[in-house]
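Here chain A shows up in two complexes: once beside chain B, once beside chain C.
Showing the complex of A and B:
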């Protein structure tokens, strides 16, 4: 019953999306004015209905209704509650339903609260949003129905991949999806603004919170995903340039660029066409990411060709939306003026430079991810991995981070590094640059074995960290706007994360050893002793657990318990690494297999300052959150003030 | 990414046996000696590690042989370490593996006609960026 209800509600929501699109298009013509009032309520109702469909699917998963195909294939009655819940979106159909649900709810929210935009632009935006949703409704209802029943209820479910039975991963997909969908709203705003030829600061202000929100979630999603890979895969790697990772990184890069150009448009009325273009690119990257992950093309181009229905469907959606938006852009770009001018040395120029560099990195990641698929289609299998991505993206990232230290100090429109008053920039920036140079020199002299990229990373992080606080110099800290604090924290977070990455790559020590209980090994500053091995059991797994006592430079030992877990439904293994975090790094311990001679394969790493990578990510997200709060608070204040003025006018009888 | 089931592992060991006569001697059920053991010479181990990080584990999804529990990755680690210990040059080991398994095994793309667009890409993007930035500011100078 619940499954049928869910499906019915989903069809109704799809029908409302059609209505929203048609009414939106009609309302933009002079003769269709009457239906304009329809668009907002329909958008809200559509959001409510899809949310209902999602709740229905969640209920099916929580009650493990095995007559539903999706549940039987992906869940199991013995799974812990949280993974039953996460199982809802841990599969293809469920994740697509989650996608449309978030999208429709967000669309409904826009319809409910957005008051700044001219009504026409908003209606065009909602129509655009409905148009995008429709593709996904079609995809869900025609090619991947999540509510399909089995002819006979299954006796038991197939379970969830053990690797995915992790609390980190339970919330990783929804986080990323919120990010992707936030960008779909930005895309709809861009389309709306193009349709009504109304690209200006009001449009940028309306779009900015959505971009910021999406960006925060993407940042968190990528950070959490990276940490999850780090501690579950059991080899201490935290970023693999895996196509799935790249799929989440590309929208983030585009969103970062969009965020910055949005600020320029909002405060300076410049970079109009560029901002709209980035809005289109950002959502395109979300779609490309979904396509890569959901079509099965990644396992093999041939796997895609075997079951091409879903992949072709997403590919067609990609072509329609991106192609359509680009065509619209090409038609309307000439009517969108470039906006206000600025000189070569100005904050706008620094932002443009960084935007272009971000797009450069984006291009590299895109080419590096798609190129192997292309050659495979031509019959040649090649791999593109870290040895390509790291140095080539650094070509763009390094100049970008250098400009990042100076950009926020520059004045809008026009500035100068010469003459009176230039000391306010050149002095502190010079100090930071000297710091960087000193660190680079020190690394090269004292530790010449460290490779070039980590050395550069350490040096840039050392200069960028203090430089990111320079915008606060000479300001009254209590009156500094939240958005400025957000920028400071965001930039500082980049420096912190960069330091963690460089340090991990430059200073990690690895120790692989076959150990008997009682054996001691040295890894970096730690002496690790294998105390014993014993069995333990969890709700749906059994494991061997090693007890390792680790003492840092002779201090009292602490106990680590790495596990090798065995899952039964479905069968599979997973290593559960044990971590000991100190302020200056992390000890990473993994229990491997037992050898013939009764010794255990143990793996240890000492990774100095590696947690900085994720602290940095969290700081970046915090920066985004502060900026979002600052912007929203300012908007609310403005709304309240407008309301008061209107009220007074009314009372005075004007 | 995941450890293999015993059946699958047998199969892989069997395939490896057929594929590589050189490996046959070590390729029995327990992992080869240097799969989970570092070289005693830290300089050689660092060299081996650097090379292993750039070789793809052919049985996993997007992992290097330095990050994988798959038996085949273990065997390849053993190969890399013994060859490095014998004084072989990392790049010649890479070439040896490429001959054996194809370009797919190397995460460092080889410069060949089929990959030249990969290497042209950064230059193309840089040129495009320069064009965009220059156009942007030259227009301004005229106005």
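Showing the complex of A and C:
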């Protein structure tokens, strides 16, 4: 019953999306004025209906209704509650429903609260949103119906891939999806603005909170995904340049660029066409990512279904939306007027530099990700990994981070490093640059074995961390706008994450050994002793658990318990690494297999300051949140003020 | 502040963006040529060996009876074959759970002398997670390859 209800509700929502699109198009014509009032309520209703469909699917998973094909194939009655819940989107159909649900809810939310845009642009935006949604409704209803029943209920479910049975599944995919799909709002805004030829500061101010919101979730999703991969794969790495990771990084890079160009458009009415273009690119990257992940042309733990038909479907959607938006852009870009001018030393110029560098990195990642697919089409199998991505993206990332230290200090329109600018900009930035140079020199002299990229990373982080606080210099901290605090925290977060990455790469030590119980190994500052190995059992797994006592520089030991887990439904194995986090780093322990002679393979890493990578990510997201709060608060104040003025005028008029 | 100047600025921005884009493209193409790791099966490796030390990937079947653990307990030596040629592989580390004799494997590493030294092993994980290069081999083909390799 619930399954049929869910499907019916989904069809109704799709029908409403058609109505939203048609009414939106009609309302933009002078003769269709009377349907304009329809668009907003329909968008809200559509969001409510799809949310209902998602709730229906979640209910089916929570009650393990085995007459539903999706549940039977992906769930199991004995699975812990949290994985029954998260298992809803731990498969292809469920994750696409989550995608559509977030998209519709976000559209409904825009319809409900967005009051700053001219009504016409908003209607065009909602029509664009409906148009994008329709493609995904078609995909969901025609090619991946999550509510399909089985002719006979299955006696028991097949269970969830052990690699996915982790608390990370509850947070990582939904967060990332909110980010991906949130960018569809930016896309629709861009399309709406192109249709009504209304690209200006008001458009940028209206779009900015949505971009910020999507960007915060993307940042959190990527950070969480990186940590999940770090502790669950047992390889000790935190980023593998896996195509699926790249698929999440590319929209983030585009959204970061969009965020910065939005602020130029909002404050200075410049970079108009460019901002619209980035709005189109950002969501296009989300869709390219979905295509890569969902089409099955890549194999990874993220690719649930290998179904070429679905791949072609998404490819067609991709062609229609990206191609359509770019065509619209090409037709309308010339009607977007030139923006305000600025000099080469100005805030705008620094932000343009940031945008170009981010797009450079985006291009590098995109080419590296697609290259194996291209060569495979020509019969040559290659893989592209860190030896390509690390140095080549650094070519763009390093100049960007250098300019990041100066850009926020520059004034809009025109500025100078001499005269008044000397004390405000040149001197403090010079001090930070000296700090960087000193660190680089120190690393080269004291530890010449450290490779160039980590050394540069340490140096830049050392200079960028203090430089990111320079915009607060000489300000009354209480009266500093929240958005400025957001920028400071975001940039500081980049420095912190960079420090973590460089430190991990420069100072990690690894110890791989076959140990008998009682053996001791030295890993960096830690002395680790294998105390014993014993069996343990969980709700749906059994495991061999090693007991390791680790003593930091002679201090009292703490106990780590790495496991090798064996799952029964479906059968599978997973290593469960054990971590000991200190303020200055992390000890990482993995249990391998038993040798013929009774020794156990153990792998340890001491990774100095590695948690900084994820703390940095969290700081970046926090910066985004502060900026979002600041912008929204300012908008609300402005709305209240204009409301009051209108009210007074009305009273005085009478 | 004239309109012409504004148009001029737009042109300059466009040119900068294009130069950066083309630059990124050229850089990417050059780096890919040097850094992409080509995929080899043992017979390719025998016929057309990559230069020593260059990062490549080797895929094939782990020959039955060929896995030997070294005295240090963490280094394994085994032979990867594809029915036509055989390559000795050395790997130091914890092998993946499904790394067993007679099953498929993709090794990332480089040739050192006549031995392939692997940094990383990707084993067939389960029915849904197969190293990309091995997905063309069906279970039947794999068995056949293994039978031929014996």
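Everything below uses one rule, namely that the second predicted complex is superposed on the first by the 642 of 654 C-alpha atoms of A that agree within 3 Å, B and C clash if a C-alpha of one lies under 4 Å from a C-alpha of the other, contacts with A are read in each partner's own complex, and residues count from 1 in each chain.
In this text, a residue touches a chain if its C-beta (ideal position, glycine included) is under 8 Å from a C-beta of that chain, and two chains touch if they have at least 3 such contacts.
Quantities reported herein were computed from a predicted structural model and do not represent experimental measurements.
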Combined model on chain A where chain B meets chain C, clash or fit: clash
First, second, both or neither for A:444, with chain B first and chain C second: neither
Contacts of A:242 with chain B and chain C, given as first, second, both or neither: first
Touched partner set for A:570, first chain B, second chain C, both or neither: second
Which of chain B and chain C A:4 touches, first, second, both or neither: neither
Partner chain in contact with A:380 - chain B first, chain C second, else both or neither: both
Chain B versus chain C as contact partner of A:339, first or second or both or neither: second
Touching partner for A:595 - first (chain B), second (chain C), both, neither: both
Partner chain in contact with A:356 - chain B first, chain C second, else both or neither: both
Touching partner for A:309 - first (chain B), second (chain C), both, neither: neither
Chain A residues contacted in one complex by chain B, in the other by chain C: 161, 163, 234-235, 298-299, 338, 341-342, 352, 356-357, 359-360, 363-364, 367-368, 371, 375, 380-385, 387-388, 392, 395-396, 512-514, 572-575, 592-593, 595-596, 601, 603
Complex contacts: residues of chain A adjacent to chain C: 161, 163, 234-235, 271, 274, 298-301, 303-304, 306, 338-342, 352, 356-357, 359-360, 363-364, 367-368, 371-372, 375, 380-385, 387-388, 391-392, 395-396, 512-514, 564, 570, 572-575, 590, 592-593, 595-597, 599, 601, 603
Complex contacts: residues of chain A adjacent to chain B: 161-163, 233-237, 240-244, 298-299, 338, 341-344, 349, 352-353, 356-357, 359-360, 363-364, 367-368, 371, 375, 378, 380-388, 392, 395-396, 449, 510-514, 571-575, 592-593, 595-596, 601, 603
Contact footprint of chain A on chain C as seen in their complex: 1, 3, 5-7, 9-10, 13, 16-17, 20-21, 23-25, 27-29, 31-32, 35-39, 55, 57, 69, 72-74, 92-95, 97-98, 108, 120, 125-126, 128-133, 135
Of all residues in chain B, those that touch chain A in their complex: 1-3, 5, 30-31, 36-38, 46, 49, 53-54, 56, 61-64, 66-69, 102-110, 114-115, 117-118, 121-122, 125-126, 129, 132-133, 136-137, 139-140, 143
